[in-house]
Every structure is written in structure tokens, then in C-alpha cells.
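One structure follows; several queries about it will come next.
Chain IDs A, B and C follow the sequence of writing; residue 1 opens each chain.
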Amino acid sequence: MRILYYPGCTVKATAIRDEKASLAVLEALGFKIVEVEDWVCCGAVYNLPRDTVIQAVAPIRTLIRAESTMRKHKTSEILLTLCSMCNHVLKMADNMYRSDPDVAYKLDVYLSDEPNYEGKLKIMHFLEILRDLVGYDKIKEKVRRSLGGLKVASFYGCLLLRPREVAIDDSEDPIVIEEIMIQLGADPVDYPYRNECCGSYNVVRTPEYVWDRTKDIVESANDYGAEIIVTTCPLCAYNLEEGQKRRKKELKGREIPILYVSELVAYAFGLDDALEPEVKVLIDRMVRDRG
Amino acid sequence: MERVGVFVCHCGRNIAGVVDVKKVVEEAKKHPFVFHAEDYKYMCSAVGQNLIQEAIKKYGLTSIVVAACSPRMHLETFRTAAMSAGLNPYKVEMANIREQNSWVHEDPHVATEKAIRLVWSTINKVIGNQPLKKVRSNVVKRCLVIGGGIAGIQAALDVANSGFEVILVEKSPTIGGRMAQLSETFPTLDCAQCILTPKMAEVARHPNIKIYTLSEVIEVNGSVGKFKVKIRKKPRYVDIEACNMCSECEKVCPQVVLDKDFNRSLTIRKAIYIPFPQAVPPAYVIDAENCYGVGTTRCSECVKVCEQNAINLFDTEEIIEVEVGAIIVATGYDLYPKEKIGEYGYGRYEDVIDSLQFERLIASTGPTGGELRRPSDGKVPKRVAFIQCVGSRDLQHLPYCSRICCMYTAKHAFLYKHLVPDGEAYVFYIDIRAGGKRYEEFIMRVQTESKVRYIRGRVSKIVQKGDKLIVHAVDTITGKPITLPVDMVVLAMGIVPNTKEIAEILRIPIDENGFLQELHPKLAPVESPIKGIFLAGVAQGPKDIQDSVAQASAAASKAIEILSKDYIEKEPLVARVNKELCSKCGVCTQLCPYNAVEMTPEGAKVIEVACEGCGTCVAACPSGALSLANYEPKQIFLMVDALLMKIPIPEKS
Amino acid sequence: MAKNLWREKGMVNLAEKIYEMTGENVYLCYLCGKCGAGCPMADKMDYLPYQVIHMIQINDMESLNAKSIWICATCFTCSVRCPRNLDVARIMDGLRTIKVRAQEQTIDLREVEDLDKLPPIALVAAGRKYT
């Protein structure tokens, strides 16, 4: 199946590992990835006051460019996103465009230099594709090396699960990452912070607040026996990693490596070329140490 | 030949201040059928009524029109006056020239003109009225009470003590309802079972009450005075008369089951069991779903040891048909499931329990014998969080307030401190609603005597950490978030009614939250819109025991009102069927809100005693076969013509 | 001395302004505190979310000076749990937008530390929220 792929700024920069692993996994599962041509920044956050239409220009422009690519390369209407923030913004902007004709008109006027937005796309996050289009059974079939009961704590972060209209799973008790981990032979760890916020963009202005927060998250994961934390949001990944480093002295328990979900899936599928060497070595060691 | 009398009232200055009453009288006299017309200052007074009576006798009037206030005020007055002068009350009509005329118009010309038209219009109606007789129907002197909780028990006793038969239908194996599950009741802290079981025993030995447990009402037809009811009685497999509660059967039963109903999954029981020792009827019951001996010969351990030969594994269901004159619905409530609250764990944490489970844990006849031990490991919890408003007052779950939780949570916290004096109790609340008698004083007592800590703020999340539960809340008064590790959490879950099925069977309305709809929230809180069906207890709306009992007695008195008559009479302004025009399409039977039309092989038939004269069927009938007594189309057209001042002269017949 | 909240003539009605901008009716809030209880940044805030909303309800302009509206991470935990279905995150964003439109920027993107290490989405998000 040919699907559109919207990377977003960060995936091509600090989270390039995520892209490599995710695309390899999806290609192994039979998808043909077509990157959106001339993609632009999606905007990262969705403008909440309903009269700030200008902030919806970026995500709608992205969707328009995606539609153009869809027409040109004859792909299906599925638009893959890897980053939680892109997923959130694109879906919210899409909903707003469809539900409010006033805003839709204004946006059409702002974006008159682009083709019209037709609203034909189906925006799906990497995890949604794995769950809904592939299915857990098929994932299990593709596993070449089991993760040997590795204790994995998932960190969903906030924007994948809230608000409810764009959530990919239940906001209080999400299970999609845990289910995938089970198929890979890992042992998911349930701890209270898995659906909570890491501090997000506060890291720009008041990073200390974020370090305090992520220290609590990592400590909690430690308490419940996690060996690894996986996430899909590049900002969460950065906050969690940096937080541990900056609060090394106060941190109770070990430091926990932070990986992307796609990296564990790629490892389990045996797609070593898609992994950074140090990541592969790390996972190897952890699985081996479990015996 | 009609001889109409018109009486125009001044109503002091209410009418006469705007309307030229003398002119109205003059114009009324011009109507071909009017024989007499006069005016008077206060028609409803004794003098006024006398004028009417004298005129009827003197002029041999056949119909009268009183032009005055609204018929809702005085139609009965004038009908009664006319009746005592020998005139049929349905030949009396009122023209409302006050509320609909003099009170809403200032211009005297306009008002007088309108009054004249209104009077002519009413004259045109009354000459077409037939002299009707009130509809009578016999009353079966038996009452059905659906639901054997405290409300049903009270209603049954009240009706039975007044000398009428009562059939009490309860779907569980014993009566007693929720009150039997409680340990103590607020604000007196009476032991719930101690005050309930005497009433249960009274019901059991009352000669006028027949109890059907393990039973449900499955069909109801007919109308007030004579309802035809079908009851399905599920098999108990144990003979109630023979069983002497020796409990030998229970000892040998091999099938162990979670006690989901009475003890809310806190303990186990056998497949043959009694819900609690004071159950009424006092007999064992077999849980057929979990017993693998019923209907077969696979297992009969209990039969072997029963000295009374009370067990019959081949017992069958019975359908009982009975006729009753009135029905009282008291089906009670259940708790909103904690499995729906995601932020508190979706019901997966063993030590996060609901309020009824807490009652069972502290009840002396409960699964832990009255010692408070938490479900997960049996330890005595040293710190308990009580959370109010769980599921209630929440647009994502139940929008309403469940009314009893503030009081019972205070009671719970108080009792907890008595059972575990060195324990800590925290109550997380938004408001404290203590509106009943001595309720506020009880709250004060709890807050001051027992050192329970009240924190104003809702709990956002509960997580499990080791053997503790961490409560994430906020103290809205100090503005500080609170993270509190506790041993056990008690959720005051909202209450939801059990009315879906019974409402459909009785065809009575339920409101948007599932509670039975009363006829008028202020002035008729125990009557349903269907005559003869009354409501009591939480089925009608969240309330505590004392209000349930009060409402049960109220419903009983309404039922007695019906049962104490040999026949009931009602207004004859009902729908009628012209059988020749009826095509038997059945639209009327589906639309009638009072189930007053039934289809027979000869055509539609109106059950006059149930018909309220709303006119829905009349409007809907495609053949025009239905009409409303004294509201015939001919009359209405003449009324309209008069209002439009076309005033054709009706034929002198 | 108690604050006289309505003494200034011609003062804008903050609740109405928020309603215009966000479509949320702040008067629905009954101050249960669930938003503050679940907020991940609660211990860093000066006023908890429900306190900010209460200040809007009584037209207290102090709400615009609260630090909380800049600390809010827009994680929507409050909105999802509110029993009156108020979108609390949207209201906080509304206050933020009022300040930003009044040209009160709270960060200078040039002075951010670790500019080279931060994921671009953090910078984009911060730029959209704070400037």
C-alpha cells in the first residue's frame, strides 16, 4: 500500500533515528512510503482561541501539499506522521476546517496561492497504522528476535491521547504501545506517569521546571521496575533524556535509556541497518543481560 | 329545541372595567337559540349561582354559557350549580372573557367586540354538546407493588393495613433491598437491619400480602381499576414452607461462587445459599446459573442431606396472571459502576471500593464480621480516603447530584474512626449537602467529634504504588496540590435507577436520567402520568430512606384512594370510534400516550376509563373515524365561524 | 481593605472576551479543583487553573498577570477531566493570546540556552505560545 509520509522538522533533525527505524519497519510490513513534496512546518501546536485563524495556516498548507502529492503520485489517502505533535496539530486543524465554514473560508482566502483543500486525507500516527492497518498478529509474525521479557515502560506523553477527538487511544488507560511490546516479547511496565505530560515547550523558557518533572517521571518508572522507556514524541524523548542528565545527583535509582517505539520494533524485526549502531548495541546488551 | 341561557359576569372591575357587559348581553340575546341572558357582578358567588339555578328552572333552559373567567377556575362550580337545578353538567360551558380578553386588551371597543364573539362561539359549542354521563368502571381491590426494598415494603404495609390485598413482586431472592446491605443509617446511626427486619417480618406474616420473590412483572395491560398483570416467577428449587434453614445443604455444596449481589463481590458463597440470615422468605435458594445439578442428575449433594426434603432440582418457572386495581413502582437503584471512571483505575484497583462495598465491610453481618479489612490483603487500613461526587455532578457521567452521598460519606468516616481509632480519614468534597432534619447537626458532629479531615477539592487521579494507593487531589482553599498515600479509597458512586424494563412494560415515561417521570414535580410527585400507577422511592429520583418511606406512604394513599371505591368515575370527554369508518390501520393504538385505544376485530375500541381526551388519536386518524365527545368537528367549525363573525344561523333542529 | 473589583468604569468584561475568543463559558466552573489536582505543572504555578478561572469569573485583571498561563504546557489533562466539560487549556491559551496580542512577549528566542540541542518542535511551539 502506498502511503503519504509527513516527517515534520524535528524528525529530520534531532529525531532522525525515529524516521530511519519507522520507515524501515513500515517498508518491511509492505508499505511504500511517499514523502510529501515541498512539505512545510506543521506549526507544532494548535491554536486554541477560535479567532486565531492565522495559526491554522501552516497545518492546512501542509495538508494541501500532502493532497497534491497524493494526486501526483497516486497514493492512498493515508498520511503517516511519526511525531506526536504533528499528529495532534494536523488532526485538530483538519477538524476545525471541516467543522467551521467561516474559518474554512478565511483559510481558503489566506491560502489562495495553493490548490484548494479537499479534506480527503486520513491522518494516521505510526502507532495507529501498526494497530489498525497491520494488526498485532501480523506484527508478531514478523518478529525475528524476541526482546526476552525486557521491562519496557511506555511514555505516551499528552498530545497522543488528548483531547479526545484526536486521541489515538483511551486517555486514562492507553494500551497500544503495551500491546505492541507484548508482540515483540517485551514485558510492559504499568506506572502512573505513562499518560502524563513531560513539560513540553516549557523547556525553552524555564528548563528547570521540565527537569524537575522528568526526574519524577524517570524515578517512577524506576520504582515500577522499568529498564527502558519508549516514546514516539521527539520532545518527550529530549526532555526525558536531558532531565535525567541535569538532575543526575538527585535522581533516585538508575538512569534509564530513552528509545523510540520504532527502534524496538525495528530491532525485533531484525532490521539492523535501520538502527544507529550504539542503539543496537544497547538493546543487544539489555536483552542479553536478562538471560 | 335548544334554550340557551347566557350569564355574563362583571367579575368586579376585572371584566366590566374593560368590557361593556350590557352590550354583550344584548348581542347574546340576538343568537337564535338564546332564550335568556343576564349579567351580574360576581357570577361565582352564592347569589350568582342562585340566579343561574332560578333561570334554569324558570325558563326551562337546556344549556347555559357563563361568560366569565377561565374554566380552570370555575367550570366545576357552575356545573355543580347547574346539576342541582336538574341540568346535565356537560351542557354547561364557559366563555373566558377575562384571562383571554379583558386582562389582555386595553381598548374597550376591541375587548367588547371580542367578548361578543367569544360568547357566540361558546353558544355554538354548547348547543352541540350531548348530555353525557360520567364513565364508570369497577375496581379490583388489589394492589401490585413492584420492588421489595424499603419503599415497596412500606407501601405494601400501608395498603395491606387499610384492608386491601397486596401482591409484592421482588426480583432477588429476598425482600429488603439496599437497606438490608447497609450497616447503619444516618443521622441516628440505627443499625439498618435492626430497624428493617421487623418490617420485613411484618410483611411476611401479613394476611393481606402475598410476596413473590425471584419474580418479575413481564406484561401489563388494562387500565386503572383493572390492570391485567403477568408475573414470571423463576424457580427457587427449594420449597419455602419446608425449608427450616438448617444450612446442611450449604455445607456439602461443591460449587463455590463469587457473591456478586449482596456482598458486592467481596466474598464467596455456595450455589445454594441464603442472601443474608434474616432473608424473607426465610428459605435457601439455588443460583441456577452456577449450580450444575439443576435439571439434571449430575449433582444432588444438597438433596441427599436435606431432612425436610425441601429441595427440588426439577423446579420450573411459573407464569402468574393476576388482576389489580392500582400499581406502585418502587424499583430502587444501583450504583454507577466504578469501572467507568478511568482516572480512578477503571475498577481494577482492589482497594478502591464503592460505598456499598464499604457498608458490607463494616456491617456486623458482613463478610469480615464487622472488622474493617481491606479486600486485597486483609490488613486493617490505617488511612482511608473518602471521595464524594464520583460520577455525580459530572457532565461526562451523571449530570445530577445523587443527594445521599454527602451524608453517608460523613457517616462512613465517622464509623471508620470508631472502628479504627488510630486511623486517619480524609473526605474529599466539593460541597456538603445536608438538607434533611438534623442532617447539618450530624455533619457538625462528625467534623468536630471524630477528627475526620475534610478537604475541599476533587481528586484527579488515583494510582497504585506497592501496597498503597496514591491520591492526587488539590485543596482548593489553600490552593495547593495534595499527594496522599492511603491504604484504601472509598468512592461515593452516583446512584442510577433500575427502570428501563419496567417503564417499557408499564408504558410510563422516564426522564433523561432514567428516573420515572412524575406527573408534576411539585404538586404530583408520586403519580405517574398514567392513572392508577404510582411511584415511590429512588425509582422516581435520588433520595434517602426517610424520604423513600414518606413517598411510599404517599403512593399507598393514592392507591387506597382508588381501591377504596367500588367503582371509579371519570370525565366522559373521551374519544369515540365510528366503527363504520374505521379501517383498522392501528395508528391510534400506537400513538395513544395513555394506552387507551386497543384494536379489536371489529375496529378500534377506546377504553373510556383510561382515555384522557387529549385528542391525539382524533387528529391522527386518517379515516376521520375518531372524534372527541363534545368536540365534534361540526361544533368546532361553528365556533370558528362565530369567532370570525361569519355567524351563520345554525339550523333550528 | 477588601478589593473593590468593579470600581473601574469601562473596564473590559474578561469573561465575555474569553467567551468570544474561545467559545468557553467560564461561569460553568464550580471550582471543584480537579484541573489543579491533575495538572503536571501545578506545583510550579502561582495560581492553579481553577483559581485563574475564578479570577476571570469575578473580572479580576490579576488573572492576566498570573505566571500560570505561561507555565501551562497545554497538555489537556484538565480539559479531559473537567466535570463541566470546560476546555480549561483553551481558556489558559485565551489569556495567553490576550497578552501576546498586547505585544507582551515573554521570551526572546535568541537568548534560549541549548539552542543547538533543542528539538525544533520545542522552539516552534514556544515561539507560537510565547510570542
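Here is the rule we use: a residue touches a chain if its C-beta (ideal position, glycine included) is under 8 Å from a C-beta of that chain, and two chains touch if they have at least 3 such contacts.
Owing to the predicted nature of the structure, the values given are computational and were not obtained by experimental measurement.
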Overall pattern in which the protein chains touch one another (line/ring/star/complete/other): complete
Chain pair bearing the highest count of C-beta contacts: A-C
Euclidean distance of C-alpha centroids - chain A vs chain B, Å: 53
Whole-Å separation of chain centres (CA-atom averages), chain A against chain C: 27
Whole-Å separation of chain centres (CA-atom averages), chain B against chain C: 47
Per-residue multi-chain contacts in chain A, two or more chains: 171
Where chain B touches two or more other chains, by residue: 343, 461
Junction residues of chain C - those touching two or more other chains: 77
Contacting residues of chain A [partner chain B, same complex]: 170-173, 192, 223
List of chain A residues in touch with chain C within their complex: 8-10, 13-15, 41, 43-45, 47-52, 55, 83, 85-86, 158-159, 162-164, 171, 196-207, 209, 212-213, 234-235, 238, 242
For the chain B and chain C complex, residues of the former touching the latter: 343, 389, 393-397, 430, 456-461, 472-476, 479, 481-482
Residues of chain B that touch chain A when the two form their complex: 342-343, 346, 461, 463, 465, 470
For the chain C and chain A complex, residues of the former touching the latter: 20-23, 40-41, 44, 70-71, 73-77, 79-80, 87, 89-90, 93-94, 97, 106-107, 109, 112-114, 117-126, 128-130
